[in-house]
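What follows is chain A paired twice: with chain B in the first complex and chain C in the second.
Let's look at the complex of A and B:
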């Protein structure tokens, strides 16, 4: 893909993200009905769950790019995998912070170690945070790219475990909204949730494209600097 | 404002603040990249002994 086409795609995705997210936030705060059980505080759901799913998507995307790197040995996948993991960690921070705020208002605590879903997400987050330590403890090159790719692939195993943990738990207080019978919420609530999910996914895509462009530019500048040295 | 409203507002503001922080960090990064491009252009011009290349031609890929 040419640079101008990539730039146009990044601008279009960023605009879509802005429109979708602003609409979703307005609908979540002013239009969606109050939850019968949790009342107004349930509205955190419209930002917390999409952000968490986006974090999973980013880690999954990073693992896919890592697999492509190991399969094809093409160096560009290293930067793409790294950028996706970077985005996943940002959305992971947001998931933990918004989840903590929701826990405080709903359960009266900022964190509960007895909740497998929370602890597994924290493990997933810490695992991918350690990715950067591994990456920067090795010299750049094919060896670092392969090591980072293998690490990113290992992490993806934690995603389904983290996602299914809540269903495997025997005693839990974390709400289950999506069951085998479909989403357990009103149609209007589900609509706002989908809008918010589309917005956060578009935001992640826009950040990913911009970050990737910046990292590629950084690399090209380093090559130029070496050529001119 | 009720307690629930305060917590919901805080959750949405945290997301907004992190996005804004990212944009600010990215703006610093763009500034650094621009400085490096200028420095390299100057170095290239000094090496060739001619005028620095025009900005538009430098940015074309």
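Let's look at the complex of A and C:
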């Protein structure tokens, strides 16, 4: 385990994230064409959707590491899975916030139960908040690692199931008011979107590497302290 | 084949143990029955006078989910108090059999609670359709499958009873959607199918992962 403070990969990814994101934001604001229906406010799309997809990627990455932990019983996967879920929750909250702002501007309400993505992220937010409660309420050790891993795996099964449930629930909770017929995106819009997605993913990766290095140092420090005590 | 019979015998013995404990101590089921009826009465007063029976149906589902939580928080209490879990894990049976035996006893408790709740609902609010009863039967399986695993997790944490609802409720959202949909929609088949899908997916996941939760 490397405990060196120098973390070249993280620095490189962070730089890439900064370049990509700043370019994507600049392009989204000044270069991408206005949306025919929603006008300027539609540009939050270039942040909201990449952030949401990044959150899914983080949850998926956390579940993959959880699976590796259960498979190989190697302790290092616990921190990796935990950090990935941690990043997923941060990006999930960002999705909720940006989605809420978009809903306010487009439809005049801060919250809409007919917006599937938002409802799904609310459920996921509650689910993964309980993940943290589970971790904080259990003594560190292999058992906590395995319990967290099992719960993280439940999360990736819950995502599609909840999505299906929300689609089913729309019939009786709220009539579908806002339908969006396919992403009829212009080429330039798609380019900006892809760039923004790459930037957000790079940002998540940079944060992940940084946080992971920090948590590993923390753990190492605790071990040293225990050895000295 | 012998392995399957052996496994079934283990499961039956474990479920029988739980039912016997309950039969002798009567710790959990009477509380669940009383709770579900009290909840329905409280809900009656939480609804405005002109509320439709559809709203009451939604509350029936909430009452049952909370009753299930009540039962689930007690599910591993005997194991914990008697330090039985270590013995069960050491016993020469598949660990998933412990989960299945416990889940079966949870299903039995839930069915008992609903045997009171549904007639009480019919008496207080509105008649209960066959689709609603079928949805409850399917939901019981999902609640027991997921809830038993989470209860085993919560039992070894410091927060215990406090943690289980937090872990369980987000996972119960699809159950409520499927159940309420099957109860109030004109086309209940797809909601029942959805509940079946939920049961299948999460039962497989819980069955496969229980071992990791109970071993040290």
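Points to keep in mind about this one:
Definition applied: the second predicted complex is superposed on the first by the 195 of 229 C-alpha atoms of A that agree within 3 Å, B and C clash if a C-alpha of one lies under 4 Å from a C-alpha of the other, contacts with A are read in each partner's own complex, and residues count from 1 in each chain.
Keep in mind that, in the parts below, contacts are C-beta pairs under 8 Å (C-beta built on N, C-alpha and C of every residue); 3 or more make two chains touch, one makes a residue touch a chain.
Keep in mind that what you see is a predicted model, and the values were worked out from it rather than measured.
In the overlay built on the shared chain, the residue A:22 is in contact with neither chain B nor chain C. Using the contact criterion defined above for the overlaid structures, shared-chain residue A:11 touches neither chain B nor chain C, since it reaches no partner. Within the superposed three-chain model, A:102 lies in touch with chain B and out of touch with chain C [touch as defined at top]. Touch criterion met: A:93 reaches chain B, while chain C stays clear of it. Of the two partner chains, neither chain B nor chain C is touched by A:75. After overlaying the two complexes on the shared chain, residue contacts for A:43 are found with chain B alone; chain C is out of touch. Once the two complexes are laid over each other on the shared chain, residue contacts for A:154 go to chain C alone; chain B is not touched. The interface of chain A with chain B does not overlap its interface with chain C at any residue. Those residues of chain B lying in contact with chain A across their complex are 2-5, 7-8, 10-12, 14-15, 18-19, 22, 26, 29-30, 33, 36-37, 40, 43-44, 47, 61. Within the complex, the chain A residues that touch chain C are 70, 123-124, 126-127, 129-130, 133-134, 137-139, 142-143, 146-147, 149-151, 153-154, 157-158, 161-162, 164-166, 168-169, 171-172. Interface residues of chain A, counted against chain B in their complex, comprise 2-3, 25, 29, 39-41, 43-44, 47-48, 51, 90, 93-94, 97-98, 101-102, 104-105, 203, 207, 210-211, 214, 217-218, 221, 224-225, 228.
Interface residues of chain C facing chain A in the complex, by the touch rule stated above, are 146, 149, 153, 156-159, 163, 166-167, 169-171, 173-174, 177-178, 180-181, 184-185, 190-191, 194, 197-198, 201-202, 205, 209, 212-213, 215-216.
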